[in-house]
Every structure is written in C-alpha cells, then in structure tokens.
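In the two complexes below, chain A is the common chain; its partner is chain B in one and chain C in the other.
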Partner chain A sequence: MAPSRGLLFRLRPSIQSIKSQCRRYSQFVAAATDPTLKARVFISQTTNPYLNLSIEHYLLQKTPADSTVLFLYANSPCVVIGRNQNPWIEVNLGVLRNEKLDVKLVRRRSGGGTVFHDEGNVNYSVICPTSAFNRDKHAEMVVRALKSLGAEKARVNERHDIVMDKGDKEGILKPFKVSGSAYKLTRLRSLHHGTCLLSSPNLQSISKYLRAPAKPFIKARGVDSVSSPITNVGVEISKFREAVASEFRSMYGIRPEASDSFLLVDEKAREVPEIAQGLDELLSDDWIYGQTPQFTFSTENTTTTADEPLTSAWPTILRECEIGFTAKHGRLTEVSVDFKGRVDEPSKLTLRKKLSYISSGPVEMKQMKSPLINRELHKINDWEEVLPPFSGTDGEPDVDASPGKTMNRLFGVGNYEPSVYVG
Partner chain B sequence: MASIARSLRPAASRFVASSSRRAPSWRISPFQVRSFSASGAAQAKKYTKDHEWIELSEDKKTGYIGISEYAAHALGDVVYVELPTTPMEVKAGDAIGAVESVKSASDINSPISGTIVAVNELLEERPGTINKGPEDESSAGGWVAKVEVDETGVKDLDDLMDAAAYKEFTAEE
Partner chain C sequence: MRLSLYSRFLLRQGNAYRAHGFHRQFPSRTFHASARALVIKPFLLADIGEGIRECEIIQWFVEPGARVEEWDKLCEVQSDKASVEITSKFDGVIKKLYYEAGEMAKVGKPLVDIDIQGEIKEEDLAALTEPGTGEETQIQAQDQAKEPTRAQIVKSTQIPEPLPTPQKVSSPKGKHATLATPAVRHLTKELDVRIEDVNGSGRDGRVLKDDVYQFAKQRDSAPAQVRSSPATSGGPQTETPTKFSNTQYQMFKSMTNSLAIPHFLYADEIDFSNLSDLRVRLNKGLAKHPVNELRKISFLPFVIKAVSMAIDRYPILNARVDTDPESGRPILIMRSQHNIGVAIDTPLGLMVPVIKDVSNLDIASIAAELNRLQSLAAGGKLSSKDLTGGTITVSNIGNIGGTYVSPVIVEKEVAILGMGKMRTIPAFDENGGVVKKQICNFSWSADHRVIDGATMARAAEVVRSFVEDPDSMVMYLR
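Let's turn to the complex of A and B:
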C-alpha cells in the first residue's frame, strides 16, 4: 500500500470511532427519514439475514426520494435465492436442513440468482433515485474500493458481477467471481445490492449446498442461476467497509467529519413496525416456498445434464415406477404415479382417484382424496408414507426399491422447521 | 412486498437471463404501435410516470393495462412475469404484478383504481412477449391485465399523461 494511502486512511473517520449509534430505534427512523441528508451510510451490526434484508427494504421504502443510501451488512451462513427462483432447483435442502452448520434458506425481494452468504462475505447495498439508477455504477464504486485495497485486477463483467483474474488449478489465468449483483426497482427508488466475498471459510462447501438433487427432474418457470467459479478477495472486512464507504462519500459529497451521515444499526431495528412486518414476511413459508413459480416434477423429465448420474438420482430398480407432480405456489396440484408392470392396476394411476400400496397389494382408496393433493411440498416429511417400497420376490418390502425413500432424498425432507427469528 | 407477492400469480417460462441493452431489431419505435381489438374505438391511451399505460374501451367500463415500449426497452429481456390473482381490487399506484429482467425485480403498478378482472396468461408461458409488443392488447400481445373501471378510475385518468406528454417525459429521463 502506498504511504500516501496510509495517510488518507488516518484522515478518514474510522467506522469504529463513529459514535452515532442508534441507541433507540426512533433514532434510526429519524436518521433514515431525515429530509436534509442527501446521502448517508448505514452499517449493520446484526448478522441475521432476514433482519438485514428487512432493514434494507425499509431504507428502500422510507428514505427521502432524492437521497442516496449505502447500507453495509454481513450475514450468518445462509443460501439466498432470487425473488422468482425455485428452492428445489437451487438448493440441496437435505444438506441444508441436516448439517451442523446452521445455514438458513432466504428468499430476497430482488431478482437474480442464488448466492451463499457467511460472515466472510460483506454485502453492499445502494439505494438511489430510480432516475439515477444504473446497473454498473455502484459495482464500479466497489471496484474502486477493491483497487484501493490492492485488488488491482478487480473489474465489472458483462453480467454486472465483479470478477478478478486468478490462476486456476492448471495455472491458467481465469476470471473468478467475487461479487454478484441483484436489483429491485420501484417507482421512485431503486436498490442495487451485491455480495463481496472477502474471507469466506466455506468456499469449498458452497457447491454442496447449491447442488439440488431434484434439478434434473424439474421443468420450471422462473429464473435460472448461472454458476460461476468464485474466490475470496482476501482483504479484511473492516478495511473493505471503510474503503467502500469512502468511495461512496466522495461520490456523493459527504464530508468526512459529517458523523451524522454514518449510523450503526443493530437488532433493535426490529422494533420499527415496518421492519417487523417485513421480517415476518421474509420468514414466512408463504414467501420462502410459496413464491416459487409453477413447476413440474417428473422422473421421466431427465432432459438436463445432471451433476450426478441419473441412475443414482433415480435408481434403475425404480424405473418401473414413474412419479410426477405439478406444484403451484409450492403446493401439489396434480400428482400421478404410474407403477407400470408392478401392479394389476391400469397403467396410469392418478393419486387424485386412488392410491396403490404395493407392499400390501393394490388398495382401492376411492373414498379418499390423494393424501398428496394440495400438500405443501416443503412440509412433506416422509414420502414413504404414501409411496412405500415395492415388495421383493419374498413378498416383503424391498428397502432398496422404495420410490418414497428416493423422493425423500430428492426433496431433502426431514428436519423441516419453519423459519424463526433468532437474534 | 411479500404480502403483495402472495397475491401475485407466478408466470413465466424459463430463460437463461441474458443481458441485452441494445435495441432489439424487432423493436418498433414508440407510438407507432397500435393494435386493434374487438372493442372498437378505444379511448386515448394514457401513461403513468412509472411507465405503465392504460387504454379504456369506448364505454369507459373496462381497460387494458401494460408497460410502455420505453419501459420494456429499458428493462431488457423479461424472463419472468408475476401476475395478480383475479379479481383484485386496486387503487391507482398499487402493485398488480412484477417483472424480472437482468437480475432486476420491478413492480407493475395499476395506473388507475378499479378491479383487475383478467390477466394475460400468455405471459406465464412466454414472458418475452412483453418485450415484443408491450403496448399490444391483442391476444398475442404483451398487455398485462384487464381492469373494470368505476367513476374513481375514470377520474384517475386525468392525472395521467397522453402520448405526446409521455414522449416528452421520457425524453427528459
């Protein structure tokens, strides 16, 4: 680092020295809505992803229309899917729900694809008048900040992501993504938020959370993720925050001594009614799962190239059983099970009418509606209850030939818990 | 937003999001687009500052709502459209849907008060239709919703811009 830069750093007020912490939520509200401040910086001290997104949404809705806001936050481990994405395509829910590392599933309000957050990833969010909105402007601001910290190779690519060239395993220089962006545009105010991987200890395990076993069998409306090789920038979080805040200050003319333009926000922000309401919405199953665009699952879909061989996703022994369903708002609307040659039933057996239990012989269930229709997919804890194993040659259930068990694996059931706020 | 989103119906097919900021070759310049629906002579089309349009039928009882050519072009390739469940009572400015394009979620707001009685289901399967003919209310067009209008809704029209004023407005942006 150049000596002159060191001097600059000393002249800047350090974030740690800022005393204007909101002790009461009313102070935060007053600062967020103060019409005299044309630009301001908020730094979050909570790592709850749902709360941070709710504070951010509050700032989008409530800060004065002509002002520009920078909000910096980091989240505890979570997978964040885009507004119009499908968790069963984007996320390995089984791994997420059953791992020691408590990784939350979050759906954000902005568009775009799925990202992983942890405390080594700092999120920057810039809210500005829609008339001044531009997809690259603030990514470029972050690039300048990264360069000032020595990451000379950082640049914005054509997908509005920030990448850095780095040698891959063979030593060939390739762009690695360090930051991804997404946007929410409203009438007067627009939001651009982006991740920045600085020092995540979880880089190696991220792909395991994001590899959804059901993906090859799903055809869906909605938005795809584009996966990219990622890397850490390798700078300190506090230095990154200061550098981004500093670039923001010079862009928007905040005087370095204007301490009222810098505010720390903590979990007391939950007391703001609008933030509490936004938090409830983000935590609700209706939002996390119910916002999923319509999709169909079929063991016969299998058109996409799978990450793993299809035979392991849907074992050969189960090929005689075809399962399919359509889900709207995350609820099953049509279910069909075709047992082909294994039973004496007509080949297409719709669970809406009847259900055949193989292990105990075909059972007519005409009186009973399919136990699956209208069920919320994420709450089906055990598919084996309705799809028991085939019977083997000895007449006993064949545990290796259980469509239900395979469905359990594809949809990551078990250990489902509703999302709750934990401060 | 989540509360609004809950009342929105997902609709779109799957595209790889490709950012396209250049003007697509099919793009017709604004204000040339004029479609003719069976409803006969329609009232003059009006525009909001949010870049929605509304065109009332001759009897002023119903109208079509959509996003403007300018907006469709500015948004880029639309990959997903959220449509409202009908019927849905709305006030002017209420969100009736949202579009996603180039990682951006943008609200579609109702230009006037009324009741949304139908949505353009074509957008569920082919969201790109909204780019091709955003101001086209024909069955193959990219209109978003059909609204039943009451007196308040008709009055709301006074606050909106006509085509010439909107053209001027977008030239300033």
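Let's turn to the complex of A and C:
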C-alpha cells in the first residue's frame, strides 16, 4: 500500500492523538482483502459491541487464507454470552433492561462463557489459518505485552485464560483472571478472541449482571460459564493497545515504521454489505434469544446453592403451584401449570377465558392450549396476565402470592423494583 | 424460521450448482449405475483437538436428501470454548443425520451418512470407516473379488477419474479397456492375470476370454511359477494360493501407488513407413560395418530419442509431483536429465530399466544401451542402479501384441508411452491409389493433475513428426 494513498499511518506513541483518520469503507475492504499482505493490524474506533463483532466476523471471512490479522476493540457496557448459551441462566435480564447504565445484551459467534464488557476492557482478536491455530500462542503474545508494561505476574493458565497472581485479602497469592478467551474454527481460518480487563470501573457490579434469578429452575444443555475472581490489570488502555500491536508485529514480521502498520476502523464500516448483514443478524431477537438451545424450566427444581440470592427461590407460599415449560429456539413448546385447586372461582373463569383450556376439570390441566404455547419467551412481558393470583388458604386471592409476579421476577419482566432483583 | 436466518448458506449451495449449468445428476448410462447405491458411507466426526471427546451440535446446515460438495458446511459444533464448523470431505447426498441439534456428538463416531458421488482418495477412506476396521476395508476394496458387482465398486472407487466433466461415460481412462464380463474376470483371477495387462480385442477395447488365454499362454512360455491351468472340461474348480514373487510384489506395490495419479489417455496412430525404410537401410549398413558391435537396430531407439526431443520442448513431461515440506502444498519438481525407462518383459516378470541421460546420447548409443539392459534383464541381472532414477517410461507391448493400451504411469513420473504392434494397413496416397502403410499406435497416459490435454497433444505431435519423418531429426544432430 503506497503511503501516498493517505490510507495508513505510522504508529505514534499516543494513538489517541490521531484525529479524523478513518476513510471510506472501501479502503478498509481493500486492506482487509489484499492478498499480498500476510499480517495486518486493525484498531476499532467504535464502541458499538454489535458492530465490533460484525467487523470481526467480516475479517474472519474475508481476509486472505494465509494471512494473520489482529483486531483490537473496546465496547460500551454490555453482557456478551457465548454462541450456545442461555441468557436466562447466565444473565440477570431484569437488571439489564432497567438499569440506567444502558447495558446491552449481545450473543457472540464464538463459544465459551458469559463476560461483561465496558470501556475499561480491551478485546483482542487474532485471526489466523486453521493449520496454524493454537489456543495458547496468542494468549502468550498478550502476556508478553502485559509484561512489557510492568505486569510481571501475568501468565496463561491451563484453561488458556490470562491470570495475574495477586495477594488477596489475606495476602495469599492467588490467580485473578484478567482475560478469558473464546474460539471459532472454520475450514480455513480460525479466530481466537479474548477480553482484557485493564481499568474497568464496574468491577464490583459485574456480578449483579451475571447472577440470573431463574438459574436454579432451568435445566439445559449448552456450555456453562465458569466463574472466576477477576481483577483489573491496571495499565493504560492506549499503552496496552500499542504493546499488543507491537508484539504482534514482531511475531509476524511487520516493520513498525512501515506506513501500513495498522488501520483504523470506525462506524463507516457498517456500509460494507456483509458487515451490515452480520450486524442485523446480531441485533435480531432471533439470534440473541432464538439461538438458545432447548431447555426446560420447572418450579419443582428447587436446588438452590449457597450463593443464590433468596429472592430467586420459589416462594414457599407458592409451593403448591407448579409451573413448567420447555423452550426450543426461545419459544415455549410445552407448558404445564398446576395450581392444585388453589384458584378461586372467579379467577377460574377469567383463567378459562384467558387460557381457553379444553379440560373441564379443575385447574389442574397439564397441557394448556393457551396463549403461552409457541410464544417467544423473551416477548412475554407480564406473566401476571397469563397466570391468575393464587388463593390463600382462606379462599381469598392472595395478591402477594402471585405466581405471575414471581415469574416476572425470575425472568426480569413486568413491573418491578430493580433492587428486588439484586441479592 | 431457523433456516431463513441462514438462508444465505442454502442459497450459496444452490448457486454453486446453477453455475455449472447442468443438473447434478450423472448420466444414466454409466456402468456404475447399480453400484452407486452401495457407496453410502458414514462420515465420522473428526478430532477437533484439545483431547475433546464429545461436543454439542449447535445447528445443522444440511438435512437428509441435501446435495453437498466437498467443503460445504455440514454443521456447527461447540466444545467448551470453541465453536467449530464441520465441512464435508466428499461430494454426495446426505442420507442420514446421526444427531439432532443440541445433542452431544461423539468424536470418532459417525456424524452423517453420505452417498458419495465423487472420487474417494485412499486417505479419505479413513474418514469413513471406524479406525479398527480401516485396513480391512482397504484390502477388501483392492481385492479383485469374484462377485462382479463388488468388482465394479472396486473400479468405481479406485480409478481416480479426471476432474469432473459432464460426460462421465466418455472419460478417457480406458474404462472400457478394463471392462470385462464376470466370466472373463473370473478367468483372469484363475490364470493370475492382471486385466490391465491384457489388450482387449473386443468392442472398445474390451477384454475377451480369448485375449486372456493368449496373454496367459505368452506369459507361461517361460515356466516360472506354479499356476492353476485353465479348467479342462469337467472337473471342479480348483484354487491354488500362490504367493507373489519379489518382482510381482514390487509391481503390485508400485502400481498401487500409481493409483493415486489421475490418468488420462491420449492415443494416436503413427505412420512408420518412413522409419521402416530408414531402418532397413541402416541395418544393411550395420550388417557390413557394425558400430560398437551393433549389428541391427530396432525402432525403439528412434522412438526413445524422439520422446527425449519432445521433452526438450515440453519439460513438464519429465517432472515429478511432490509436496513442499514447508507449506504442505503440492509442487512440481523439474528434472534436467531425461532418464527414459523401458518396460521389458523378463522371465521374472515386468521390469523397467532406465536409459540414463538420453538427451546427451545419440541413437546408436541408445540402441547399444538398450541391448545391454535387455541382456541383463533376460539373465535377471539388473542392478538397482539400472532400475531407479527414471523420469518417463516407454512401454513397447507391441512386441508381444496389442493395438491400444492404457499404460499405468510409474510412481514419481507424470507420463508414459505405450506402443502397440506395428501392422500393415491399406491407405490412400495423394493420387487416390491404394498403398501399403505401416502403422503403429502410440498410447500416452499422463497425470492430469499437472499435464493438460493440450500439452500432451502437442508433445505427442512432436514425437509423431520425428517418428514419421526421421529425416527431420538430422537438424538436431550434435
């Protein structure tokens, strides 16, 4: 690439001081698909998580088969779940929807567990030929970058994560996770991307996003997240980006003073048709919720573990009300509700009207041919509409003991107080 | 609903077919028609690394009945942190999916059943069969079984066809040269004859019973091994297991390796009249004044020299195919010396001694060297130095008989010339009168991975022009 095209810039000590560098997307496309370039560095200037992931996917698909690409990006606050995960198990959707922080929910294309991203977390992504793929190679590269910035105790652990040994409250040296990785392998190209917690201000509150109240009641296949104690590395973001880019360059033989040592990518990338398509897909409910593997929810699963907040347990007063459903692709395929007679007559009638069940017996019908079947779980905004209040033992509908309300709490919908959702 | 999200993948598959401009159906008149249905194989889930023994199927991109090409996506699987796209190794039709989306697929166990409709390379056979039974099925596949249907499958999976063309029927590997009725195959097995060796006199070069008998008779002229004689009338079938001799075993191994080469056949009729006249004149001279004890010269040295001159113009014929150790990609290794192997039938079997550096030899020296090698071969005294280093081979089966032949390229070479028998036929001269012409058929086989039809044709034309008009060789005398 000739410097005269004005496309690319020499790397200077402070990347942030470079202004208005991004050109029309056609030059980005040209740089991405140029077959003579064996290694490239791309740096994102947007913090839109969906766009960044779409750019990453585009680079995976379009860069030449024998080239290696580094892509660095940071996202505005969001929770990112893995390709095959269940948002109702991994994420507290109620908090997500209502907190002023405007945290988005994203499902990425690579596997692995759930992570929280914000501007203090830099993501690195390396795309290389599948024949050269190795889980540790680029994690080691990032560790070298961290060490060059003074983080002496950084290392790659056996799960291919990057950890830093730090003294905990008692002063004992323990590994704290600073980076997790995930991978996507296709026939010719493989992607390894990882997070890196540099200076996140939200470290303490991350856990509230990642504790899902419905978790104890859901049985599912798919990958579980493995939670680890986390910490910030504590280096400056721009320095980290430079260090990683320079390690990458020395690994792949790009001269740092070359005019094409890196390329900035910004919002204009969404004009590229493939990126726009990928972006739409990532934004669609069908992808975010519909890609959830089959799972069953049942209030009869009352296995609570020590660190589950009490509010996520099924209230004892509702013990006799059993609700369960199976969801495929995020849609309810089988639903069963058993109130064991604890619904009063007027409510029964409204229930009948609402649910139009066929069974003429008491409200112990098992299969409801109801408004619930085939509905998308994430679209059910208020369970109180479909489930009547429970009757107390004295026959009066007990407004507090409302299965609908509790379901709302578990799934983070309806009217509620955010504080209720946090343990 | 799920499929519409990924419809671009389906569209892509459909577009791939449209681009070819023809239906992906094979003409009904291939002789594999019945054998095809038997080539449904389970395709195993390959190891995805990290010691992972099972992984979850996230989604399928195909369903039973879908046509796939090599490299089309079959499904996406997920193991702990990695999501992996599994692609097809074969062209064919998916017959059965072993798992549903969401189930755990086991590594090393069948993932889908695929009806394979392209060539299967030896190394891909391993992806189809369970590891334990791998060798078994390969040996079975090579065994020329008595059942004709099995033999037909053997042919359909073993003969690597040239790059797929719409006309499979006329694919020029000499399909018909190895085509024979079950009775004939039975006979070849009995007489321990390789059907490729026999030149068929039937329609399109088919091998008939008589051809086999003739071939066996000629071979048996030197009493070498114990062989079951042709069944006399009456009496039951007798089978006598006979071990391969060393030479036979070498041939077996070498030809098995040659199977990996996609052959195409290029045959031509050469007018030997001029060469014949020249030879008669030369031999008269040699009889009076022998050169280096050479009293007679045959056609072969002329042909060998002509081939060497063709290689000068088309050096790719002298190359060999290898793999680049760094990138793992195939590369061509060009060779400077023309070491032309000559197939000789010896009492011990087929041997291919090599005349080294033909481009620097004159025809008399070639003839002398040929004589030397032939006498050594007859005595079974060929050294390994004589037998190795060949870059291209000439096989004069016409000495014994045969018109067209489909020779098998020797390992580490890319072309071979088979010469048929010389015969006299009537032809027309420029005045419309009938004259006698001596013709001989040259059948070239070349490695279609490296040599295209045009190159072969041009090289063959060079050889033809030198052989038909040997005077032109004078211009290149050194």
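Assume the second predicted complex is superposed on the first by the 348 of 423 C-alpha atoms of A that agree within 3 Å, B and C clash if a C-alpha of one lies under 4 Å from a C-alpha of the other, contacts with A are read in each partner's own complex, and residues count from 1 in each chain.
In this section, a residue touches a chain if its C-beta (ideal position, glycine included) is under 8 Å from a C-beta of that chain, and two chains touch if they have at least 3 such contacts.
Given the structure is predicted, the values throughout are model-derived calculations rather than measurements.
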item	value
Clash or fit (per the criteria above) of chain B with chain C on chain A	clash
Chain B versus chain C as contact partner of A:292, first or second or both or neither	first
Partner chain(s) touched by A:300 [first = chain B, second = chain C, both, neither]	neither
Which superposed partner A:158 touches (first chain B, second chain C, both, neither)	first
Chain B versus chain C as contact partner of A:271, first or second or both or neither	neither
Which of chain B and chain C A:185 touches, first, second, both or neither	both
Chain B versus chain C, judged by how many residues of chain A each one touches	B
Contacts of A:282 with chain B and chain C, given as first, second, both or neither	first
Where chain A meets both chain C and chain B, residue numbers	82-84, 109-113, 131, 135, 160, 181-187, 221-223, 281, 284, 286-287, 290-291, 293-294, 329
Interface residues, chain C side, partner chain A - complex	1-2, 5, 8, 48, 50, 56, 58, 71, 78-85, 87, 101-102, 104, 328
Touching residues (chain side chain B, partner chain A) in the complex	1-3, 5-6, 10-17, 19, 49-50, 79-80, 82, 93, 98, 100-107, 109, 124-125, 173
Chain A residues touching chain B - in the complex, by the definition given at the top	57, 82-84, 109-113, 131, 135, 158-160, 181-187, 219-224, 226, 278, 281-282, 284, 286-287, 290-294, 328-329
Interface residues, chain A side, partner chain C - complex	82-84, 109-113, 131, 135, 160, 181-187, 221-223, 277, 281, 284, 286-287, 290-291, 293-294, 329
